[in-house]
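Below, each structure is written out as structure tokens.
First chain A sits with chain B, and in the next complex the same chain sits with chain C.
Presenting the complex of A and B:
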């Protein structure tokens, strides 16, 4: 499978909550000991399927990313615990297509 | 040399860059991060200005002119990005100082008062700083007194708004470690109070609601669609009234519609292009804002967490959306409906001889704020609370901006304004104070408002 090297956090206007999730993702990556992966954030207007290997979104905008290959969906968008567990699961996945947390 | 330094401090883009530079150096970041962050911040500011130019020249001025021709009234599209981009031209310097001072004072307030919230929605801090700069300038403040008074007000509202939302916020997210940081706060509070009338009503999440409308969450699409509709209506009515045969010299912003170039443009094609241009301008402005806050907020968050370990982070509105996706869509639709009803009422008032700005239902405030109002209404009063709460919210963000227009001075004549409820009540309260009390006494009032929560918690602690 293709390695996850880039994670894109996405929200409506790409200003507030996606940036917070990005900061939490950085923290989680550090905890997981993953060093060869970067996290960024963007808006729904700009996100596209090629812009990252894994997409992290809240449950509310998941319908917009349904056809993306690898998506991590958060129920509690600011929960660091949930994010850490789901990220760990994502890195352990073997296939190239999975949706976590749906 | 002194000239050079003073000039940098008086050039908003450079000033914001310097502030980013200082912030990054203070955090002990490596040199490449410092350079990257500084350059991106300055570029962000310049991109924002470019968006403002495209907005006014590309669509907004033309819209205002046509609206006036069609209805003989002032038509206003409430949009924070748009109005801030315009206001930064004259208030860029004051906005930058107020924002930085406001962030610092927010940390102090969180540390020493019961309003222990750190406001992390950077773009709203920027917009609020700008709004405060405009309003206080009307009261004759300038230079350092303006920056200080503005910083105090920004810090106050940054901690106060999450505070009065907290009891409902805890019901939504089921934790007391998360605050709601979005300056539509007053509107959500109202929606929550309305919701309390319907305690025990079934939750919005217990019903099936089609989720396909989430494509409207993409602001480029939703702004584009609504502005195309607005432009088509206004242009069609103007054409019906004979604008195409009018003398182009009487219209400064309609030359591409009235004067034939290579080919004469059809008015409908023109209207569609203009509507989508508006959306394009907001896209540019948002990119600029993203560059600025993307450097500022993470630094601010890091510093604040170190200085005030127990403070509650107040996060941008989508933080509550995953908890109630149905309430999000219901809130948006019903709030938008409220905006249309409100517009009709404003029209009727104008026909009755009361001159008041026509506030069109801007899709961004109705989406983000209406959706949040829906979630807050649902948390207190289920479906009924969500529906009635967001409907009243829709009325609120139509009437409040209309009433507030006069306190913005010359900016009140722009065809756009601040949309969210906290901007309105802050402008209403402090704009009117600034109209009555000028100069240093005004500064004293602003500082007193800031210090009051700290004094209050000192007094209650003693008991």
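Presenting the complex of A and C:
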């Protein structure tokens, strides 16, 4: 199991989609029964590779984070179902580097 | 409170806009008229769109038009909404947008209730369809209000 204690949801401005994905991530973590992980949101200009264990982005933003070790890419940014499935896959990953959804 | 973020005056139904730049103009202009931001905010949105693409088109039909703004250009956190009868294209792929939600945020958290409402409406295809079928500004406004405490 991948150790994921902090998830950073990232979008262009750090205001809109990243906040919605953060809300949806918190909901998904509850559904998955994960209690030792927090989700936050930020902008592309502030994001830092050391600021989280997993980065969640929409596919438009992915090119900006393609060199990050652990990235979860959403095709439909508003889809709670897609997020839940991909988060579950992330927690089941072995190893320190993986990109999900690309 | 959702009513601090959106007002009936900020909701409109329009026939069409000619391109994505006019779509940005329409949604930001509603915020400017409400005193939430200055006209420069429109330039900020255009700039971020040209740099990163229209990443704020969040579903097939909805764009959450916004940029990060500093205190000089954003005075107040607010939402606007323009529903288009004819879709507009933001890119080749994102070509069927009918809901233009304008957002300007004075800090990183005050618009949370608005994001809850948007997520509740546009994260569900039935709710989104109801929104697309709205025929009055009142209807649009009431949908935002009723979805704000959905989570």
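Heads up, the rule we're going with is that the second predicted complex is superposed on the first by the 100 of 102 C-alpha atoms of A that agree within 3 Å, B and C clash if a C-alpha of one lies under 4 Å from a C-alpha of the other, contacts with A are read in each partner's own complex, and residues count from 1 in each chain.
Note that in this section a contact is a pair of C-beta atoms (placed from the backbone, for glycine too) under 8 Å apart; a residue touches a chain by one contact, two chains touch by 3 or more.
These numbers were taken from a predicted model, which means no experiment stands behind them.
Asker: Identify the partner contact of A:58: answer first if only chain B is touched, second if only chain C is, both if each is, neither if none is.
Answerer: A:58 contacts both chain B and chain C.
Asker: Does the superposition put A:13 against chain B (first), chain C (second), both, or neither?
Answerer: The answer is both, since A:13 touches chain B and chain C.
Asker: According to the stated criteria, A:33 is in contact with first (chain B), second (chain C), both, or neither; which is it?
Answerer: Neither partner.
Asker: First (chain B), second (chain C), both or neither: which does A:80 touch?
Answerer: second
Asker: Classify the contacts of A:95 with the two partner chains as first (chain B alone), second (chain C alone), both, or neither.
Answerer: After superposition on chain A, A:95 lies in contact with neither partner.
Asker: Taking the superposition on A as described, I'd like to know which of chain B and chain C A:44 touches: first, second, both or neither.
Answerer: both
Asker: Overlap the chain B and chain C contact sets on chain A and report the shared residues.
Answerer: 11-17, 19-20, 23, 41, 43-45, 58, 60-61, 64, 76-78
Asker: How about chain A: which of its residues touch chain B in the complex?
Answerer: 11-17, 19-20, 23, 41, 43-45, 58-61, 63-64, 74-78
Asker: Touching residues of chain C toward chain A in the complex: what are they?
Answerer: 48, 52-56, 58-59, 64, 66-68, 103, 105, 108, 111-112, 115-116, 118-119, 122-123, 151
Asker: Where on chain A does chain C make contact in their complex?
Answerer: Touching chain C: residues 11-17, 19-20, 23-24, 27, 41, 43-45, 58, 60-61, 64, 76-80 of chain A.
Asker: For the complex, which residues does chain B have touching chain A?
Answerer: 120-124, 173, 178, 181-182, 211-212, 214-215, 217-221, 283, 286, 289-290, 293-294, 297-298, 301, 313, 315-319, 321-323, 325, 328, 367-368
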